[in-house]
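Alright, structures below, take your time with them.
Consider the two complexes below, in which chain A is the common component and chain B and chain C are the respective partners.
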Partner chain A sequence: MARRIGVFVCHCGVNIAGVVDVERVAEEIKKHPNVVFATTYQYMCSDPGQNLIRQKIEEENLDAVVIAACSPAMHEETFRNVCKDYFNPYRCEMANIREQCSWVHDGKEATEKAIKIVKATVEKLKENEDLLPILVPVEKRCLVIGGGIAGIQAALDIADAGYEVILVEKEPSIGGRMAQLSETFPTLDCSQCILTPKMVALSRHPKVKLYAYSEILDISGYVGNFTVKILKKPRYVDEDKCTVCGDCEKVCPVIVPNEFEMGRKPRKAIYIPFPQAVPSTYTLDREACLGLAPLTCAQCKDACEAGAIDYDMQPKIVEEKVGAIIVATGYNLYDKNKLVEYGYGEDDDIITSLEFERMLSASGPTQGKIIKPSTGEVPKKIVFIQCAGSRDRQHMPYCSSICCMYTAKHALLYKHHVPDGEAYVFYIDIRATGKGYEEFIARVMEEERINYIRGKVAKIYREGNKLIVCGVDTLTGRRIEIKADLVVLAMAIVGKEETKEIAKLLKVAIDEGGFLKESHPKLKPVEALSRGIYFAGCCQSPKDIPSAVAQASAAASKVLALFAKDRLEKDPLVAVIDEEHCSGCGVCISVCPYGAMTWQNGKAKCIEALCEGCGTCAAACPSNNIEMRNFKDEQIEKMVEVVI
Partner chain B sequence: MEGKKMKNVKKKIAMYWGAGCGGCDVSLLGIHEKLLDLLDEIEIVFWPCAMDIKYEDLEKMEDKSIDIAFYNGAIRTEENEEIAKLLRKKAKLMVAYGSCAIEGCVIGLANLYNKKEIFEAVYLKNETTKEKILPSRDLPEFLPYLKTLDQVVKVDAFIPGCPPPKPVLEEALDALLQGKTKFGKEVALCEECPRKDTKPEKIEISKFYRWHEKEDNGECFLAQGIICMGPATRAGCKGECISANIPCTGCMGALPRVRDQGAAMLSAIASLLDVEDEKEDEVIDSIKDIIGTFYKYSTAKLLPRGGMKDES
Partner chain C sequence: MKEDFEPKIVAFLCNWCAYAGADMAGTSRLKYPANVVPIKVMCSGRVDPEFILNAFEKGADGVFIGGCHPGDCHYVNGNLRTRRRVKMMKKLLEQMGVNPKRLRLEWISATEGAKFARVIKEFVEEIKELGPSPWRERR
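Up next is the complex of A and B:
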């Protein structure tokens, strides 16, 4: 128990001292029992500030310190590291007189409150126990969920560093959305051309175990020690035997819409989503197939010279142990049927941006020709509508981030395909914040003579062969009516339904757009609240390819940092259950947001490696049988006593 | 040697019925044959409910001549208080018997109202009361608020329950006769709940039901959305009510580390809610009679001066 406590009050420039009389805080706290020293300093976190603490610990023979400064989320680690050389780091506590005082109060009361906060922290500190970090072993393998560009990049980075990666992709091939794109802004290089080398690299990497056409069934465990259950859906085609000759496809009598082509092109029941698919193999769609029975139809099997087709293939469940998980499940477009103002998107000639991408692609449904789907004619007038579903309180309130850029690209490519055509773009603002983006927009606007109209489209309706697009040019205030052949909606980007399932398994929160919530919006943008789980790409927020790739590498570097040690050190401020007096009511197990509470012999047990010390269980336990280390009831009571 | 000698001397026992329903007196008989065994060891010297004895007889007894005095019921009248003090004087061990004596129980809910309001409700505004007469003469004074036994005298041991269930009582009597004042379980009812095995992995409550609104499916009440005080209530009764498809109402009182049983359960219930933020108030408001549900037994203990605003 601390007997000689020193208090160090930080000015934080004017952040604290501009509001709180820091000198008086130091004077007052000196009178408090067991406080033997108190002083103030300009910036306690600076090197001289830290040295002051060191010097006074020695001179005054302090056995514990309180730093009255900012939030412990900022500098607790800084100051505990200072104290570590002298005593147990848990003898160092921070009193938050900035975020919880000077930033939110003014006047005399602010100083009074600061004094109380410091006194309460001193009282807590007195009862602190000396603690040692909890050590957790690490399984040095990483699971990547999703084989889009983000997942591929993260997997390659980790595998290149020498660690094994398990990549799980739900679709028959990796590649994700990027494989569907035609050209990429602002450089207009072919999306597939820059993506496929990475796909190949991944498939050939000795450290990568690829589970394509597979789904995550269950994830349990905690940082360093996750157990993942993966369902390998049957392809009914042996990946190793398939030579991708295409004979099976030719004879297959079943025709269904191709998902990869956004349903704008047919495929057979046995298919390969696109020529460069990885793994390079055909897949037999069980739903579409006439019955997987040779009696009804066995044309593909008969046609396959390699003998790769096996109707008796069964789903397989495999279990993998991993130490870290990167979620890179990507995005979907907002449902265009929800857009009342654009005719629920039911008209054939109102298409989404991704459908337009496929139209532009040389391997797409029209072999790169831009057409009006209803007639097959070349559209002479095309209208692009940005923020379709984004920045709209009726739909998704946020900005989908990439639509300004790809719409400019779409308009430019249209002009290249149809030089005598007219292109209109309806926009709210142009957001072009990436490298070379503004220049790209300027080029499109000026050189390509695209009509940019600042305003929203209120209504689209059909009149004969044309779509009438009604809007307002908000810069001139004039109403505008355009007789268009084709309308392209830059649909809002939303999180995937499947991501929600994964989030549930991982106990990660999801925001209103369906995106995964990061631990800190600025300082921990690729990390989940629970340790060992990271995000990459559009499952976290809408972003362009460079950002998705950068985030993937960031997530990979976090995983590598995790794998750099054999054992993880974990803050020992966890929940402690008095098992003898636990009735097994299950309340703590039900409320723990980290899944750290589990059943053991009819009683609750805390898995310390998973516990983040939030205290929800301690507050909820109706037997008051759970205590947080260094936040015991007696400590809280003493804190309250000095405050009131 | 000493032990053997002690065995021959029968322990002198007293039992008093304060402000209560009488269930506690009956519960002592509810231990059945055990009572006959007990009579070999004890001598009942004062039990107004079961024998003909007057207060003056009690007054005449020597101080500390009674080995164990059981006091059931709360302190509602001057008479209750007087006898509590007298018994304390005459007894070596003073035992609060049952929930009324310990924490006020159902009748303690009267502490939410002042004496005037109580009298009006009972003697004047009650529909079945034909002659509206307020009691006045020759009756012990009705105290301004209800007290628990330990608010009046020092209490050595507590036998919880409304009334104390058989297994609790048997253990308590055995312990007390051996001179032990600490007994009973220090774990919540869930531990011995007959429905323990039906508890789901996770309890989530999206709607509250009262127990008569649901057909008995034999599952954990909380998992069904029926408020059961079991998780916040001391075990010992073996869940007799639960076996009869009635959720625990908490008569055994709070766990040793809990000061406020109602708050402990409310906190747990609030944590188990699985509704959108905007709907939380609506769902919480659907709980009928918050005090009667969560503070059925402990109101008087937690409101020692009752709902006294206009009297002192």
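Up next is the complex of A and C:
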């Protein structure tokens, strides 16, 4: 038990001291039992601040400290490291008087509350036990969820370092959104050309186990020791035997829209999403097929000379053990049916940016020809609308980050395809912050003679063969009406529905845009709040390819740092059973979500390696015989007492 | 009810969602009344019904519990147990003469700083309406 507690109150510049009377907090807390020293300092986390703590621990012979500063999420580790040289790190606690006090309250009441928070923290600290971390082994294999550019990059980085990677992709092929793009801004290099070598490298890498056309069913465990259940959906085509000759596709009588082409091109029930698909194999879409059981058609099987088609293929569930997980599930476009002002997505000639992207692609539905979908003519007047669903309180309030750039690219490519055509871009602001981006925008505006109009489009309606686009030029204040042939909407980027499922399995929070919540928006942008889980690419926020790749490599480096250790330290804040008084009722065993409570000689026993320290058992034990280390009943009751 | 009544409220916040949500409210500088003092627990499932009774007995006018949204609990299902316990505790409090509205459970994710500030504001207003806890005089 701590008897000589020192309290260090941080000013955090004006962040705390500008609101809370820090001197008074220090004065008040000095009166508290067992507090023998209290002081304030400008920036406790700075080097001189940390030295002050060291110096005072020695001078005042302190045996425990409270740092009243920011959230423990921010600096608990910093200060516990400072104290490590003198005593057990659990003799250091933080009192959060910034995020939960000075930043949200004013003046006198903030000071009063700060005093209460510090007192409560002192009370908790008094009863803290000295604990040592529990060591657990690390499974040095990484799961990557999603095979877009971010997932591929992260997987390659980790595999190149010599660790095994399990990559799970839901679609028949890896490649993700980047595979759908025609050219990439600002250099205009062909997306497929730079992506496919990486796809192939991944599939051939001896350290990568690729599960394409597979889904994550379940994830359990904790950092270093996750167990993942993967559903391998049946392709009904043997990947190893398929030669991609295409004979099956020719005879298949079923035609459905091709998702890869954003539904703008048909495919057969047996199909390969795009020619460069990896793994290079056909897939039979069971939903579209005329029927497998009972077998109704079987023309593809008759046509397949390689004998690759197997109608009896069954879904398979495989289990993999991994130590770390990278989520790289990518993005979707906002549903254009929700945009009432742009015709609910019902007009054939109002298309999304990804549909236009496919149109530009040489392997796309029009072989790279820009057409007006309703008539097949070349559009002579085209309108691009930026922020369709983004920066809009009725839809998504945030900026989708990449639309300014790809719209400029679209407009430029349009002018190259249709030199005598007119292109208009409606924008709110131009955001071109990447390397070479501003120059690219300038080139598009000046050299390519694209008409940029600052303003939002209020309405689009059809008049015969034309679309009337009504907007306002906010720079001149004039109303504008353009008779357009084709309208391209730069749709907002949103998180995927599937990401929500994954987030639920991983216990990661999701924001209103459907993006995964990182541990710290600035300093831990690729880490989840739970250890061992990392993010890469657009599942975390909208971003361009270089940022997605950089984030993927960052996530990979985090995983490699984790794998550099043979054993990981686990929080020792586990449940402790008073075996002498345990009545053996088994309530704790029934409530424990981790199976960490077991029977031993008619009494409950906690397996520390499995216990995560939630405390549900302690709250449920009818005879109050379970205590949570450093969250004991007495500690919490004492805290309550001093704050009231 | 006296105009100058400032209720005393204890908030048990789970480490992973509600506490992080309260931090988020701070980072976003969203003001809310200072009547609520946070106490961090690892999971809302750690909140023993005794903690609630104990808080009222010590003179709290309200007890707030913040946990992860159902299905998002860092510890699988601790929050669902809390939901059941809170339901039971509300009945018990009513029998003991404490308005069950004085106990409030909310799901607050790590991104929901705005929600945290809003529900705390609401809760403080509500407790102000109710006036001091009847157990205060017993002390």
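List of remarks:
In the analysis below, the second predicted complex is superposed on the first by the 439 of 644 C-alpha atoms of A that agree within 3 Å, B and C clash if a C-alpha of one lies under 4 Å from a C-alpha of the other, contacts with A are read in each partner's own complex, and residues count from 1 in each chain.
In this section, a residue touches a chain if its C-beta (ideal position, glycine included) is under 8 Å from a C-beta of that chain, and two chains touch if they have at least 3 such contacts.
Not measured: the values here are computed from a predicted model.
Partner contacting the larger number of chain A residues, of chain B and chain C: C. Contacts of A:Leu529 after superposition: chain C is touched, whereas chain B is not reached. By the touch criterion defined above, A:Ser71 reaches chain C but does not reach chain B.
Judged by the touch definition given at the top, the superposed model places A:Val591 against both chain B and chain C. In the overlay built on the shared chain, the residue A:Met313 is in contact with neither chain B nor chain C. Residue contacts after overlaying the shared chain place A:Leu52 against neither chain B nor chain C.
Of the two partner chains placed by superposition, A:Cys245 touches none, neither chain B nor chain C. Once the two complexes are overlaid on the shared chain, A:His105 sits against chain C while remaining clear of chain B. Once the two complexes are laid over each other on the shared chain, residue contacts for A:Ala619 go to chain B and to chain C alike. Counting contacts by the rule stated earlier, residues 591, 616, 619-620, 624, 633 of chain A appear in both its interface with chain B and its interface with chain C. For chain A in complex with chain B, the residues that touch the partner chain are 580-587, 589-591, 599, 602, 616, 619-625, 633.
Interface residues of chain A facing chain C in the complex, by the touch rule stated above, are 71-73, 96, 98-101, 103-106, 109-110, 112-113, 116-117, 120, 503-504, 507, 509-512, 517, 521, 529-530, 573, 591, 593-594, 612-616, 618-620, 624, 628, 631, 633, 636-637, 639-641, 643-644.
By the touch criterion stated above, chain B contacts chain A in their complex at residues 186-191, 196, 199-204, 230-232, 235, 255, 257-258, 264-265, 267-268, 270-272.
Residues of chain C touching chain A in their complex: 8, 10, 16-17, 20, 22-23, 25-27, 29-34, 37-43, 45-51, 54-55, 58-60, 68, 71-78, 81, 85, 109-111, 117.
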